[in-house]
Amino acid sequence: MARLNIGVSGVGIMGKQHAENIMKAVPQARLLAVADADMARARQVAGELGAEKAYPSLEEMLAHKGLDAVVIASPGKMHAGNVRTAAAANKAIFCEKPLATRLDDADAALAAVERAGVRLQVGHMRRYDPAYADAMRRIEAGEIGEPVIFKSIGRDCELPSPSYFRQGNAMLFLDSSIHDFDLARWLMQDEVEEVQTFASGRMPEVAAYNDVEAGVVNLRFTRGGIGNVESFRQCLYGYDIRTEVVGSKGTLMIGSLQQTATMVLSRAGVTHDAVSHWLQRFFQAYVAEMRDFVETILAGRAPRVTGRDGREAVAISLAAERSYREAAPVRLRETLRAKESPLAS
Amino acid sequence: MARLNIGVSGVGIMGKQHAENIMKAVPQARLLAVADADMARARQVAGELGAEKAYPSLEEMLAHKGLDAVVIASPGKMHAGNVRTAAAANKAIFCEKPLATRLDDADAALAAVERAGVRLQVGHMRRYDPAYADAMRRIEAGEIGEPVIFKSIGRDCELPSPSYFRQGNAMLFLDSSIHDFDLARWLMQDEVEEVQTFASGRMPEVAAYNDVEAGVVNLRFTRGGIGNVESFRQCLYGYDIRTEVVGSKGTLMIGSLQQTATMVLSRAGVTHDAVSHWLQRFFQAYVAEMRDFVETILAGRAPRVTGRDGREAVAISLAAERSYREAAPVRLRETLRAKESPLAS
Amino acid sequence: MARLNIGVSGVGIMGKQHAENIMKAVPQARLLAVADADMARARQVAGELGAEKAYPSLEEMLAHKGLDAVVIASPGKMHAGNVRTAAAANKAIFCEKPLATRLDDADAALAAVERAGVRLQVGHMRRYDPAYADAMRRIEAGEIGEPVIFKSIGRDCELPSPSYFRQGNAMLFLDSSIHDFDLARWLMQDEVEEVQTFASGRMPEVAAYNDVEAGVVNLRFTRGGIGNVESFRQCLYGYDIRTEVVGSKGTLMIGSLQQTATMVLSRAGVTHDAVSHWLQRFFQAYVAEMRDFVETILAGRAPRVTGRDGREAVAISLAAERSYREAAPVRLRETLRAKESPLAS
Amino acid sequence: MARLNIGVSGVGIMGKQHAENIMKAVPQARLLAVADADMARARQVAGELGAEKAYPSLEEMLAHKGLDAVVIASPGKMHAGNVRTAAAANKAIFCEKPLATRLDDADAALAAVERAGVRLQVGHMRRYDPAYADAMRRIEAGEIGEPVIFKSIGRDCELPSPSYFRQGNAMLFLDSSIHDFDLARWLMQDEVEEVQTFASGRMPEVAAYNDVEAGVVNLRFTRGGIGNVESFRQCLYGYDIRTEVVGSKGTLMIGSLQQTATMVLSRAGVTHDAVSHWLQRFFQAYVAEMRDFVETILAGRAPRVTGRDGREAVAISLAAERSYREAAPVRLRETLRAKESPLAS
């Protein structure tokens, strides 16, 4: 059996999970090396997961003999540059979202990927979640007719740490809502034409970084559909991801509030827990996306979540942010297409 | 419009609710009089609801001019005697469950009703609940094929008061499980052949009256179906009534744990309330059964929940109790049919 | 017991329900007369419900001897004028939503009410729904901390009839979303500062009346909170009303998808029904609001849902519509306050 | 890191899953060999999962060099004999349920295990399910007070295959209800004293093997608690496992009807799927029990689900069956304790 030899660059929570999934759950892949600016962390993860070597940077890891592909899970603002570097080294690339934090960076990354002729998959893992995948099958089968309204809620349990903000992991829309924007394009099978945003930046820990803790983004799609994405950084009760697609013949609701199938009934009422964490909620999705990445690369097929998908999600996120900053609706076609590389068509 | 003039005998919680429903929700009926051994209570309810007169006893109320029908909501052990008295006075009768607390009393009551040629409906109100009625329609339509297993749970929130026990309102099976036994016959469209009971009588407040706080009763039906009824006096979290009918082609679940459509999500989890009380859970059913009683009497039709239904529910309840007392299965046909009046066929 | 003598003007579905509730469920009130431009309809409802007399117009009904109060349930565009007429006749007024279809009409109506010194309650009945009322109690008790995000969904099962559109019952926002806008102000205990709307007007039956079948309206509140209201005319699966209030300490979810507590399990999966109709979903709320209206009038207290509440809900609805028409955000304070009567402060 | 070298005997659906879990999900273990009477199957599984060798029997596999432990997943009637054989070869043993199909066999197996001084864990995997484990933690923490009623439902989607019946995999109670009986002892922290059974054997495919398709078993516990276990072979809608433990202070409900977090809303109502299969429902539990087995063996600790647990579950299952066959309650202490080995105390 041919095996894909993978190096993971950036082994924070997300990167380490990808590395672990590669080792434990993707028999066709091998975890060859890991890289992290925090070399102690890199060494620890390599030891724990049995990688051959730990490196202090993507650049150095790329020279590792036999490396076929890289997983990029560094801080968001480094993604686009990392993609260019990996493409130049002729590796297949799995890049975590966001593909970039600026649109010109995204375009430059896509251009580099095209020049090098390598494969690129972007980490919009929700498409691999059993519930979202089931919803998509139903939409494609015509069960709900023509999609009319797209609604999505993404609430984190707790604020990210101050260090996360300091790393410049980009604001709410590019860090969190971007998942919903990707779902919007995918499930509506349409492009977003215009966005309108209101946001709340009243928490001092968030406002200190010029960020917002909550946002509502109206969407208008090319074919006439509409939508809304709500994101909130600190709902306290859990990790709450729910989506509804309202169609002309029926509606789909995706997501669940409950994690453990235990209910407690007492004088205090009927109680159950909530989903606690994204690694728990999307555990299966992370495994499935990595398996799919490995299989498509080994089979020489194009990945299912493309660079263009990653680029469009960034574009909507940036438009949502700009709508908030400028207190005006933002049309993606006018304002963004001008800068689009030919790739993005 | 012809109106049915009704007197209510026994205006505790249940009787007062019936009186109120007659006045407010059954336009074809008129609340003429009420009776209660507690004359002050009778006067208060009569005043509050605008009845013409209050009486200290059913016997005296029966002489009220123009009275067409009586609702019997006295303590359970008086029901059968009350039915005989009302039948002798030639009134249409609505009798709360249980129809009697002894089987020979039930048979004597049914005989008196037959002799007098009056109508009798027994208060198994669950048959009028929208969810149970919907389930029955589905069973009759063949949606679940042949019923195989009947399951029912009835949990009260709090123990009845000591005075309720002292009144001799009969033990758990005849007071509470009897509702589930009636549902069993109705939804399975079959008769119970044999029962097996285990019970728990560990709460001192209950054991003091030789009663039990919890029971599980296995049922075996004539055509081969099986079942189980669980009853519990004090679950603390609410009034929990749920039934499942498992069929050869599908299963029905009836009942809900939630009363108010509000969910609270916090660090403590996801919480909602439970159904709090039987008057709340079966409010619509109580109104619907009284309307149906009035309509069938005015139309000269036989009531839908018959004296025989009331008698059979008593028979199963007594068999369940005997199975517990004798620590042995009890067959209804052998032990009870011998004493059956010809009426009961 | 003093009784409030009420006349109902407009006895379509809604007005007839109010008339019936007054007769059957509000002992302190008496249904004295009804009025409808369709005199046959007026006569039929009067006969059915036992009103003394039927009239062809509000004006004629106002002369009925002994009339204390009127319920206005005529087509929406007549409401404001009806309120002025009833105020001039010195009657207490219950007016269905919307209070008016233009803001200057609303202000003129409020001015007339103030001049006459009569009481006015507007029919935002959701505030009386047990689930919404429970949510408000929890918010007031501080259970969810400071409200941050208001979300509300209102989906009708089927399109209104062509005649409803022809009557000019106002477009989606003023006819349907207005309920959510009222909830927004009430539950957030704040005023809406600015709105942003996208809408979909692709159904020919709707577009023919220059209306839209679906809309998403972003809200920005004075104190910094944000929100979104989604409305859809034809979801086909039921009448789906759900609201979430996300706070700094917890979140409330109001609403349920299920009407009958029966679940059907078969090879086709697990199925239950949905709430079918607004009269079913808000039955208790309609009764409770009418009782409260009668009680406050008899007690000489100000109604709980004021003319100003009705006026502000109209203002948000009109702003939402204008945002859609002009494809731009609309600030309520700038554009609307200029025209505000002193009453509205 | 010390690793436990394991051979799996019997690689049907269950055994293959254990083998796969050992290979993929238990880093501290190694899948050394597999055995199956169907040698082609054994070879295929060994090849697929990378085991060193395939054997036609447990006996031959036991001679494999370096083997530390065996997993017994052969047909149920072979379990007890297999345990004796493996114990004689001095291997640590994981044995699927039922430990035996006769009580004397179970006792002989336990005696052999004790003589050999080896470790034995029995495959009651539900104890490792997150929801059941959470329930147990809550019970141990006193959240529901004293357990009063134990209720459990186990419904399979489809009948086992004819070959499964022909293999003599034991009847409903020993094959299916046994899981619930183990939960009963574990969650009630008590022993079952007496059982009462009704069963339905009307399906020809089942009756042909003198088996039943449905059963209800009442339980009476030593300390006074009561319970009921329902089992059904063919509910068609899914794999439905639900348990309730009713306590003096609260109630726990374990289990869920939904597998994929997608709901479909249409004119047909609100629909979701059901849990489809035991390997899906208890996937995490199977992994967790195997990890725990490996960890306890490597650490030299006693397994958490003991041979005595396996023996008692068999005893209750046999008593339930006997109660059905003899149409009488069966007391476990009288009828079974006589034959108990000293081990079982």
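Per-chain residue numbering starts at 1, and chain names A, B, C and D are given in the order in which the chains are listed.
The rule we apply is simple: a residue touches a chain if its C-beta (ideal position, glycine included) is under 8 Å from a C-beta of that chain, and two chains touch if they have at least 3 such contacts.
Given the structure is predicted, the values throughout are model-derived calculations rather than measurements.
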{"item": "B-D against B-C, pair bridged by the larger set of C-beta contacts", "value": "B-D"}
{"item": "Chain at maximum distance from subunit C, centres defined as averaged CA atoms", "value": "D"}
{"item": "Inter-chain centre distance, subunit C versus subunit D - centres from mean C-alpha coordinates, in Å", "value": "58"}
{"item": "Distance between the centres, which are taken as Cα means, of subunit C and subunit B, whole angstrom", "value": "40"}
{"item": "Per-residue overlap in subunit D, given as positions that touch at least 2 other chains", "value": "235-237, 249-251, 258, 265-267"}
{"item": "In the complex with subunit D, residue positions of subunit B that touch it", "value": "148-149, 151, 153, 155, 194, 196-200, 202, 213-220, 224-228, 230, 232, 234-237, 246, 248-251, 327-329"}
{"item": "Residues of subunit D touching subunit A in the complex", "value": "24-25, 27, 130-131, 134-135, 138, 143-144, 249-256, 258, 260-267"}
{"item": "Residues of subunit A defined as touching subunit B within the complex", "value": "235-238, 240, 257-258, 265-274"}
